[in-house]
Amino acid sequence: MPFDESASRRRFLGTLGLGGLLTAWKPHAQAPAQPPAPAAAPATPWWPSRWGQGDQAGASNWITPDKVLDAAKLIRDGKIYRLGRTYEAGMPLFGTRTFSVTIPGGPTGGPFGSNKLVYHDEFVAGQLGQVGTQFDGFGHIGIQRGRDGDRNEMRYYNGFTEQEIASSEGLLKLGIEQVKPIVTRGHLVDVAGLKGRTLTAGEEITVADIRAALSRQGLREADIREGDAILFHTGWGQLWMKDNAKYSASEPGIGLEVARWVAERGLCLTGADSWSVEVVPNPDPSLAYPVHAELLTKHGIFNHENLIFDALLAERKYQFMYVFVPVPIKGATGSPGCPIAIT
Amino acid sequence: MPFDESASRRRFLGTLGLGGLLTAWKPHAQAPAQPPAPAAAPATPWWPSRWGQGDQAGASNWITPDKVLDAAKLIRDGKIYRLGRTYEAGMPLFGTRTFSVTIPGGPTGGPFGSNKLVYHDEFVAGQLGQVGTQFDGFGHIGIQRGRDGDRNEMRYYNGFTEQEIASSEGLLKLGIEQVKPIVTRGHLVDVAGLKGRTLTAGEEITVADIRAALSRQGLREADIREGDAILFHTGWGQLWMKDNAKYSASEPGIGLEVARWVAERGLCLTGADSWSVEVVPNPDPSLAYPVHAELLTKHGIFNHENLIFDALLAERKYQFMYVFVPVPIKGATGSPGCPIAIT
Amino acid sequence: MPFDESASRRRFLGTLGLGGLLTAWKPHAQAPAQPPAPAAAPATPWWPSRWGQGDQAGASNWITPDKVLDAAKLIRDGKIYRLGRTYEAGMPLFGTRTFSVTIPGGPTGGPFGSNKLVYHDEFVAGQLGQVGTQFDGFGHIGIQRGRDGDRNEMRYYNGFTEQEIASSEGLLKLGIEQVKPIVTRGHLVDVAGLKGRTLTAGEEITVADIRAALSRQGLREADIREGDAILFHTGWGQLWMKDNAKYSASEPGIGLEVARWVAERGLCLTGADSWSVEVVPNPDPSLAYPVHAELLTKHGIFNHENLIFDALLAERKYQFMYVFVPVPIKGATGSPGCPIAIT
Amino acid sequence: MPFDESASRRRFLGTLGLGGLLTAWKPHAQAPAQPPAPAAAPATPWWPSRWGQGDQAGASNWITPDKVLDAAKLIRDGKIYRLGRTYEAGMPLFGTRTFSVTIPGGPTGGPFGSNKLVYHDEFVAGQLGQVGTQFDGFGHIGIQRGRDGDRNEMRYYNGFTEQEIASSEGLLKLGIEQVKPIVTRGHLVDVAGLKGRTLTAGEEITVADIRAALSRQGLREADIREGDAILFHTGWGQLWMKDNAKYSASEPGIGLEVARWVAERGLCLTGADSWSVEVVPNPDPSLAYPVHAELLTKHGIFNHENLIFDALLAERKYQFMYVFVPVPIKGATGSPGCPIAIT
């Protein structure tokens, strides 16, 4: 039986906002009669990676001095655009994730000295790195091969196993601190602009959509080079803190076709104004987040979620230097923080 | 009695690594017989700020498009230097601050779907924003005027009072999310290089030191312009995770003379390879962190602590584009994250 | 203007489930034209307490050996009834409080040794002590006298001030560790049984109700002695995890009349199957949780919230040994844990 | 190779205070040349338990009405003794465990209403349930059978597997909420009193010691009945917050001989004034916490750590009603809280 309706599974689906999609996930009810597409089958090892056995930096290896100089050419008017959301009470939190900031004391301490200094700290608790605007690292997603529950056959980027990387206090391998700073050329693909509307739940962005949107924006596919970042505007972000339940329940996004196009082009990062970048539910309802696995696990390509593009769009800025430095928490699976576009 | 040897005060001193310096803090034992320097007295209101009443962004207002273009001129070879430390178990934690990362489950969930996806999250808890490499915001430091305990007379940057900003779940004003991305010209002043040794505990960096160090590095004081960032290499960072107790107990750093020079020049940010940038204990032992108050509270100038300059120093890179975007946690007093220098 | 519609106030109201009652709280709209009852005015000092200046144990001082022996006489058939709720995801959480349990790793560590031992820990984060079944201590509730924001005039049980007790890492005075173990005679007053229905939102339990309920249960008012615990069954607990929004928005409960009756009788503790025991909103909408202040702050009497009485009621057990030992977290304002009734 | 000197193992050893004992743990250096004692080999299934397949309450099943009535006979003078430690900064924390209490705001909120109510909450974060005085549940300890990393062969009490119970947000089975309130006959065995000295690190308490101590106390072995609790005074607790490093590095305690005696007598719980109750290091250095596995995993008997007996000893009280109700945090592996003895 490929599906286990366990509490654990329901929690995960809830975690990623799929609580309402359980029925859509039942393969006997809705999956095609044909066997699952081989694309989804994790039969073939995907390691070692193009950056060699043992590599933990993946597509951040694209960020060479030449790439930085190339990206700097996109700095023309000196404007900075924040592409990250504020972390705050009331933001969408998937499933049972929590996020809490408290200010100990009021003030935290003081007055001290003849100058009567007082101070505040903050205490942060929660799944920081996997809430709000988040940058997914390679420890976030893997694939169970072999028998369920065998940690020697849960595989991650570059073939690392759960048994090798797992630790209760930060992953032993593939932690976010292994990722190099991202300073690269960034491209915003305005799919919502192309279609003249917000994309709908479950709507898959295709390669044809990307080409048409680029053309509409006066760009060519060839402008998107190895190591670049590609960001998708779907309009879904309008629901942020307006209708969190709808925002999290499903979303438009890229599917396996675009994921493979991204991998073939050797990009560094995908991003979107949605909570997982990829289309949810997947058109093949038997698949759980296959784009995450295709990009992060199999190709070492990063994913940036819950971005906001309003200011860039208002000024029709589609190319920029994209800057993001993960917060180097040892062994973390992702990173909070606010990426910026500089034009 | 200007000093209250309360548990609260001892905790704060411990928090900032001063546990062992209590005696040094007793003014009757060590302070000069003269009255305290008026500089430390918070008698004169320091508000409104140069950026106007109500401003919460302080010196990040210097980061204009012109400043960004100016900083971009410092990008020459495309190299990126990480100036932040990894957040990890075993790093120095002042006083009773804690930092904990746990990986829920192993894996956190899965396998799901016919593609048997598994995933990890992380759970972070602690004074994040005020541990490890940290960027101090304006809610971190204030001054008690009037009667101790009167929140209407605890004043922060631009005159905001504790009563106005205090909230148990993130400050209502002066939160770190108000700070604009820092993309500016950065200058590294190698004071340890000038002196040919690691500076010692309690050793104050003077303006003359800065001038001599700049000269040794082939730079002029006039190269340091309004809105720029200035970083001090003291060598103290060599103790990081080598001798945490010594690292945290005291440190060399800048005093009020340099703080006023920084304020007069209208800089954006100070930073150092130490835990508070300023000299501890202060030569006037009656003062508690007067540089913090001078820069953050009175002049709206930021402070970046626990940096690392080894790679820059090895290649004698003293000027660069300095990039740091605070993690916009609403109402936080500071930010974690890894600033970078691009050359 | 007696009311400040600040974010802080809205958060508190939300915290205590009053998000939907903001309009009801506007005194000009609904309060009686008469001046507020002097009972609510904090003009008269309520200290020192009957247990002497400096006492921090309050009504737990009633728990003497004689009281324990008296309570032990109520043990007749040896049955134990758990009166506490399970702490779990999905339980009602007031306002922005959070509660999170994670299991680090799966397992947390191992195998170790030739015996191949593995182990799990848990990581708990949240307002534990003030979520789920909770025992309110004296640091939880106080009264601002004098000017708002003056911590020297915020007063707690026995006159302690905010300035004396406040600390960012646990209160310096009145922490829950000061409370002695509660082993006393307990009485369950089945008000819902008396009325033949669940009490309604905002319905106040009166002293007459108590007398009638006791009579119906075959008990006399005189059976309730100094130092005893009194618990109220309202039926409101049926909403727990069934309709959390309704559960938290308001509730039936005791008002100032019963609070004074409790204080005059010198009881040790009140409790109920509701989230604050007291009627919300109060019939005088200008008052914020006056019963909490009357009992905890002015009389040193404890309050136990979110209890469950189903098993006791099913067997018509109304008197028992009541046992609760606060988890002695230094400086905490309350305690989690499961009180029991032994019959 | 039976030992993996991995970071994970070192962390665990550190967690349990064994950081300094790594060499003692190397079997080739110190273990006897003979094969490991069969006692340690987990070859034989230990399930189903005496309480039947699927049981999760273990020895708390002994707590029947008859047992409660029997225990109540030990209440003679009505005195209550707290046997738990205060949870506070500075208490011993094994390995990388953390414990943090913050008071959000000062106060957390207010003033509200015409009565000007203010309030405090607390925010707790850490391995609560496995720090300070702690009651170990059955999810805490298991045994890896089969291949390392195969969660289907990590077995817990009553044969439950890691694959069945593991969940990132609280165990799915064997959570502490399954444990019934402990109200039973308790016996304190004063081994330190017998020997006239504090026991030494690595000193094993024998069955002969127990018999001699009971005799010295005027008790007979037959007084210790099925379902009773047995507590051992070693004197080790004198180091608590006096010399935390020594306290945690090793300890005297019971070994497999006493564990089997406890299991044969069908007791409910063991406890001691030490951090694991069992002797550390074990006389057979190849074994990792074999007493934990023997009692918790194989026999469903609970373990209570970091207790304090000073007041009982001062009054030579050796028998009492032992009362402890675990804080019912769903899926937790243990519980904080303060057990009491009533005499």
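Every chain is named by a letter (A, B, C and D) in the order it is written, and numbering of its residues begins at 1.
Operating definition for what follows: a residue touches a chain if its C-beta (ideal position, glycine included) is under 8 Å from a C-beta of that chain, and two chains touch if they have at least 3 such contacts.
Remember, predicted model here, so these are calculated numbers, not experimental data.
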Both-way neighbours, i.e. chains that touch chain C and touch chain B: A, D
Pair joined by more contacting C-beta pairs (A-D or B-D): A-D
Which listed pair, C-D, B-C or A-C, duplicates the contacts of A-B in over half of its pairs: C-D
Distance between the centres, which are taken as Cα means, of chain D and chain B, whole angstrom: 44
Where chain C and chain D are represented by their mean Cα positions, the distance between them in whole Å: 31
Numbers and ranges of chain D residues touching at least 2 other chains: 8, 11, 89, 96, 100, 102-107, 109, 121, 123, 125-126, 148, 151, 162, 166-169
Contact footprint of chain A on chain C as seen in their complex: 89, 96, 98-100, 104-109, 121, 125-126, 166-169
Residue ranges of chain B touching chain A (in the complex, touch as defined): 2-3, 8-9, 11-13, 15, 25, 27, 36, 40-42, 63-69, 72, 75, 77-80, 82, 84-89, 97, 100-103, 106-107, 109-130, 139-145, 148, 151, 154, 162, 166-171, 177, 180-181, 183, 286-290, 292-293, 323, 325-334, 336-340, 342
Touching residues on chain A, where the partner in the complex is chain D: 6-8, 11, 96, 100, 102-107, 123, 125, 147-152, 161-163, 167-169, 172
